[in-house]
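Structure first, then comments.
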Amino acid sequence: MTEQKFQPLDSGIVPRFAGLPTFMRLPVARPEEVDVALVGVPFDGGTTNRPGTRHGPREVRNQSSLVRRVHHVTGVSPFDLVRVADCGDAPINPLDLNESLESIGGFFDGIRRAGAAPLTVGGDHLITLPILRGLVTDGPVGLIHFDAHSDTYDNFFGNRYNHGTPFRRAVEEGLLDPKRMVQIGLRGAISDASNYDFARAAGIRLIFIEEFIERGPEDVMAEARAIVGDQATYLTFDIDVLDPSFAPGTGTPEIGGMSTREAQAMLRLARGLNLIGADLVEVSPPFDPSGLTAITASTLLFELLCILADSVARRDGRG
Amino acid sequence: MTEQKFQPLDSGIVPRFAGLPTFMRLPVARPEEVDVALVGVPFDGGTTNRPGTRHGPREVRNQSSLVRRVHHVTGVSPFDLVRVADCGDAPINPLDLNESLESIGGFFDGIRRAGAAPLTVGGDHLITLPILRGLVTDGPVGLIHFDAHSDTYDNFFGNRYNHGTPFRRAVEEGLLDPKRMVQIGLRGAISDASNYDFARAAGIRLIFIEEFIERGPEDVMAEARAIVGDQATYLTFDIDVLDPSFAPGTGTPEIGGMSTREAQAMLRLARGLNLIGADLVEVSPPFDPSGLTAITASTLLFELLCILADSVARRDGRG
Amino acid sequence: MTEQKFQPLDSGIVPRFAGLPTFMRLPVARPEEVDVALVGVPFDGGTTNRPGTRHGPREVRNQSSLVRRVHHVTGVSPFDLVRVADCGDAPINPLDLNESLESIGGFFDGIRRAGAAPLTVGGDHLITLPILRGLVTDGPVGLIHFDAHSDTYDNFFGNRYNHGTPFRRAVEEGLLDPKRMVQIGLRGAISDASNYDFARAAGIRLIFIEEFIERGPEDVMAEARAIVGDQATYLTFDIDVLDPSFAPGTGTPEIGGMSTREAQAMLRLARGLNLIGADLVEVSPPFDPSGLTAITASTLLFELLCILADSVARRDGRG
Amino acid sequence: MTEQKFQPLDSGIVPRFAGLPTFMRLPVARPEEVDVALVGVPFDGGTTNRPGTRHGPREVRNQSSLVRRVHHVTGVSPFDLVRVADCGDAPINPLDLNESLESIGGFFDGIRRAGAAPLTVGGDHLITLPILRGLVTDGPVGLIHFDAHSDTYDNFFGNRYNHGTPFRRAVEEGLLDPKRMVQIGLRGAISDASNYDFARAAGIRLIFIEEFIERGPEDVMAEARAIVGDQATYLTFDIDVLDPSFAPGTGTPEIGGMSTREAQAMLRLARGLNLIGADLVEVSPPFDPSGLTAITASTLLFELLCILADSVARRDGRG
Amino acid sequence: MTEQKFQPLDSGIVPRFAGLPTFMRLPVARPEEVDVALVGVPFDGGTTNRPGTRHGPREVRNQSSLVRRVHHVTGVSPFDLVRVADCGDAPINPLDLNESLESIGGFFDGIRRAGAAPLTVGGDHLITLPILRGLVTDGPVGLIHFDAHSDTYDNFFGNRYNHGTPFRRAVEEGLLDPKRMVQIGLRGAISDASNYDFARAAGIRLIFIEEFIERGPEDVMAEARAIVGDQATYLTFDIDVLDPSFAPGTGTPEIGGMSTREAQAMLRLARGLNLIGADLVEVSPPFDPSGLTAITASTLLFELLCILADSVARRDGRG
Amino acid sequence: MTEQKFQPLDSGIVPRFAGLPTFMRLPVARPEEVDVALVGVPFDGGTTNRPGTRHGPREVRNQSSLVRRVHHVTGVSPFDLVRVADCGDAPINPLDLNESLESIGGFFDGIRRAGAAPLTVGGDHLITLPILRGLVTDGPVGLIHFDAHSDTYDNFFGNRYNHGTPFRRAVEEGLLDPKRMVQIGLRGAISDASNYDFARAAGIRLIFIEEFIERGPEDVMAEARAIVGDQATYLTFDIDVLDPSFAPGTGTPEIGGMSTREAQAMLRLARGLNLIGADLVEVSPPFDPSGLTAITASTLLFELLCILADSVARRDGRG
């Protein structure tokens, strides 16, 4: 059991609607104090169509007041395994994409140096690039990537840094090992038949939603685990991998997506990976009138926390 | 065929958007006049987080104008089997939880004495406790309980009567026989590993959503029917058993839930139970901007009516 | 490859939120210039309950800016196979049902004469009747019909022309061959046990959602294809065949419907039919606060375009 | 004091959210039983652009649960002056404009014969024509008309009966005396400079919003009262006379309109007119996400009831 | 200038959408550290109709990120005058009205003892009663009360403590001096002609909206200041004093209310009062789809802070 | 009368909900063909807080289908005075602020060279800077500026080009003559007492909302006209000058703003200015659930068109 300090508020004493909406009603702390740092990156400057994910971290914090303490299937109790807190938002400049890439990268470099593993809420998917820049220092890591889109374009509007390109850049920069990358849930019409050429040539394993449906979560996650192996791995979850009936509030919805049941199954099966961090991105509150997307994101954030906390605890010999 | 009096308005003559929104566009009547009484309990004083289910009965009445007459799968035509009417709302006091428990209990005692079986729309789940107090006079009954949550907490905020505790109270009060109780669709993180201890110790059968998905409706309902047997049984349906993509307008949504298809399959398979009544609770219109939750609730109310009417008619030798 | 003229705007140059919302960001053209004409019929005068589908074509145009170019599963690239453009809306009179039937019929007669195959966005389902009147000149055609409702009533409110009757009228008028008609996804309570008598007597194949779920898309579409055969066939897609969690913005939602995954599977399996046209109807923006229904409709419109373009190209020896 | 029977439910006993939403929580009764009949006309078949007012009566009933008993300025207590009840909706056919004009007319003829004065909620503005046909038997009456639009077009889409033409028709049919007509709050760009020619030639007094703002309610209502005099007068209130900040949920909003304060002042100053009935039209719930329009309409309905009840009571020697 | 510690975040460095939504982006602190304590009371257990104000404090915190630093008319710069911080929420029990009255009272007693003046966001209006119990120890204080309703009922549903009764209770308990009380903006129909009898008999000055409109802010506030004089005074602002076009998200909206301009004028004219605290209540986010009500409340909270800070600074000889 | 070609669609033939939503249902044309070019600039890259105005042009086009032809007060009939058309959107790069400033500037340079006067819909307020760069070639012009904010900051987040700085830049670049500039409707708390120092030092006339309310439209516009004189003048209208009850859908709402009545009065009084163009900016559809803001913007766009068309016609000797 970790210190009492890093426990969520007790919902039988302080109602869930009361108090400041920190992530999961956890205390605010510095990365140095924790094992897992819940952080936000409120940046949507890499968005090519519908904006709004800059409001994602705040609204996920708000809805994450619904989160409880113990996983009902795996029994993982993350707040008992590791010290977790809300470590605030990365500094960003809404008017300057390049400066933001710098400052986000620096923020995650700091988290890494503090010895914490980050669990991040975005923001658009471009943010995963500077996160990896901050975290990856010892050679490329593996990636489990949930998404409707491969995000391995070369550029958009002549710009090489946007939410359609982060994983191409990360491979090019040696942050990710394409042979240890798997993208799950891809779907939707493409702009050009060559859209997946880079990914395929690089050796990234692409699992389209149709293959996923055919094989099911167990089989697919077994393959994914084999691909990334036991070495350091990052997990990124774009909320648009879900069908928009579960997550309408996102910039580039694609029908025919993963159900929350399937996503939960996948994340539970991901337990035991050697995770250095994870993120959940592309929640866009202005396009989410019922709040369902932020509620879904909050619950999946808890799923992610369970596997990340488990991974951290194992590394520390506590798992 | 029952009297013409207890038939819904003909939608080919009076448009569905016209007239007063009684349940299913039925006449208003006293319980003494009917076999099945459609009633509301507009009470949310047992709610620990997001309120609003006090507005549930009215909005379900409104959307239930879409309901038609004959079940397309089972062929059950409830308005031909039994006399059904809108018997109004139970009296409640929005400022006094205890007084409301009393008055709701009295209202359902009256329905029982009138010889009608109630089909109720809530309100939060606490209302099932006074409903059972009003209905159960000859020893504990069985329960088929659809819900994301067990609702067998001992207390919340020091209070023993709220929407997290009704089924523990009902067992303690001898209204329900825990050996004849089954809870289906449970899921979501828990506050404490001991949350299910009472239910398990009492002998309640807990079927988590994961088991439900694994086994499917036929198998699960077969077991549920075996558990409750032929004796008097009550059925309670918390709308949050459904995945929030089908029913976002509820106070405690939990992702990864039952689909409406599965819920419909379950309710159709429940035909033939010896039902003394049923309820559908936790519809919260202020959190339902598209109206989908109330539409879903209305359709499930018709499913419930079909099996309840069938049960009543069988007891009367008409089924 | 078709002329550059009939290509969608390049989303890497003109952002998806910019410019006029023509269907799929295609050019505006006359039917004479194209092989497939994307058109709207903004008419809801046949609606018996909740209106609003008159706003459907405009909002589907708006959301169809998200559509891309190449089908990721079938590889079909419709804009390369045939010339496609936005050919505007059929003329209608919102105050005169009969005049609108005339003018819609005339508009589609014109499209047929121009040699284009129409892909239409409604409007309520009554519009399929005048569409067929305009298109069908050489004896009855086959029909693949996705819908929660059979729409083969004889009349409503004493009126024979409304969105509950078009397919009965079309059979009576010799536009459709009932032996080559299949209705898929039917469900929901019915007003009277005799509701399906006409359809059954005429020989229309009715596939209820329960049968569809049991058998799955492959088996059902195989049968449907056998029913319509190689001869001229029309395809009509009522958005309410989908579960309202995927498409809440429609006039007569029915829970327990088809998922978008299933609908996509069905439409992909429909490739190779001898299609003379297709439509997608009953999108009602005023009941669609999140915009999800129009997004869903836009994506399915692309699925329909792929099979219609493929069919047209094959007939022309280009497929 | 009128009979206890015709009193609203006591909000200190039955909460405002409970029970059936009759108008102002009054009993349901037949016109023969009352002095003032609150009725709905759920018809929008005369609408040329955005539909939805067919849902107006039901939603105004719903929100009118907020209405209380005694006017705080005038002291009028309508339920003590006269017998008032909810007398249901006029029969209409959503598919047949002409038949609906007939049936609405017949319904109001019945109310007149029953000796009740109707206070009606629409529906689009075309309904005022059949209302007047039903009520006016002894020569043309006067009219106080609140509206952003004159509604004296000759036709739209070649159709002479729609929500842009009722007052031209009513003058032509001898139901209204144009010399005793005043239209208040007119504004908005016009289709053609000749739009007001008929009204001006007929002698109708047109008071544009600019003149209204300049002169203020007292002066304008004094003139209006002089115009209609002591003889039989009807009052019609199109909710779009209000600025859309107060009433966004309407089909043809026009900015720069009347405030609710001004509308209330006008209606209070209208006390003492010799009213034969009144209506409030063009409330369109599908375009009213916050519900504000229906709340506003409900409150103005109470203002209208106060002056109509006062008028009826005076005629009966009770005022 | 106060310590740098108690300054809002700089919006040119940390974007307004980033970080934790404390009130006005101020630091979190204990009452002992500050001169003015911004606090929430997330309690709506005294609500008789539409609930939801329990969510008020959180959403006002969220929207108060828009607040800036210096009043553009009065030049007051509250963060330079006094130390201000977010001191969190009062403890409440959503299931127990009486316990909540106790715990809220205790919380404000603590603030008083800490030497801070509270500026509170509700919650329903009942909360002002326990606030006053906590703050008033030396005999009754004066009250400037903005509201559509007098809230001086004796009871509702037999309950003496609800949001219709706080000011009667406060007078009875000797917390308020009725001769130094003024209620501004009253309006709306009443349940019974005797509704205002208690207030009038007690000597409370009632200023209805009609009188307010007639006289204007300057004249009315001059009278109000004369009524409360130089002695200790509390200010309570029910958001429903505003017209619902400015604040739709509240439980008991009344049309014809105060504009935000008028409210701002009133609060600016209130500068110089001897304030012991203030509150802003009845913001109900579930009924506020556009967020306008919370934005309005946030801005008015800044207006209140300016006059309260000014008052505190003057008492301390700093004003 | 201008050519028939440049007339809006006739709403008595083509319903307002039908067809492509060009501005005011005008034809699409090139700037060379028209006198006044209606254009969009879908760019919100200069936004510091809530994004979304990139969707403004499309939604204003959509709602502008409600616009009619002849001004009911001034009698101006812009489509008869000059040739007007929808000339599309300026090219922008959502990922590159500087490139967008270039391309927008080039687009307006082209309009100027084509001899057309642009009437533009934004986008955030930064777009006015490149518009002026494109239009102003012969020395600084005058400016009538409606806004809640002065937008004369020096920088935000270290960036000199954003929606808080355009008018400072325009003065510095010699595009605007500060002595011929007037800003009307300013209000809201400021970040620092020095916020207005630049504007005041430069000689810009600042008219705060409080002065505007005090003096009224006639007096204020008389002064504004005197300030800008007869020389070339640009008019810019930030929708946030309006009170958010009239225009909630904007990024930086400020309560206590101008009413639409006042705005209309101001724009009508602005007739006769020597306008070289005008814009309406900061409409943000994602924050506008009821659509009211876009409706308001559309109507004000017509007001702007009337004065701009009048000005153009006068210059051409046609006015």
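By letter and in written order, the chains are A, B, C, D, E and F; residue numbering begins at 1 in each of them.
FYI, a residue touches a chain if its C-beta (ideal position, glycine included) is under 8 Å from a C-beta of that chain, and two chains touch if they have at least 3 such contacts.
This structure is a prediction, so every number in the text was calculated from the model and none was measured.
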Mutual neighbours - chains that touch subunit C and subunit D alike: B, F
Minimal step count in the chain contact network, subunit A to subunit D: 2
Repeat of interface C-D, chosen from D-E, A-B or B-E - more than half of residue-number contact pairs shared: B-E
Chain whose Cα centroid lies at the greatest distance from that of subunit E: C
Of all other chains, the one whose Cα centre sits farthest from subunit A: D
Comparison of C-F and A-C (more C-beta pairs in contact): A-C
Separation of subunit A from subunit F, taking each centre as the mean of its C-alpha atoms, in whole Å: 41
Per-residue overlap in subunit C, given as positions that touch at least 2 other chains: 13, 15, 17, 48-50, 54-55, 94, 156-157, 243, 245, 287, 289-290
Overall pattern in which the protein chains touch one another (line/ring/star/complete/other): other
Full enumeration of touching chain pairs: A-B, A-C, A-E, A-F, B-C, B-D, B-E, C-D, C-F, D-E, D-F, E-F
Of subunit B, residues touching subunit D in the complex: 13-15, 17-22, 28, 40, 42, 54-55, 57-58, 61-62, 86, 88-89, 91-92, 94, 289
Of subunit B, residues touching subunit E in the complex: 44-52, 54-55, 93-97, 99, 156-159, 161-162, 286-287, 289
Residues of subunit E defined as touching subunit F within the complex: 11-13, 15-17, 66-73, 75, 77, 243, 245-246, 260-261, 264, 289-292, 295-296, 299-300, 302
Contact set on subunit B toward subunit A in their complex: 48-50, 155-157, 186-193, 195, 208-210, 213, 243-245, 248-249, 252-256, 287-290
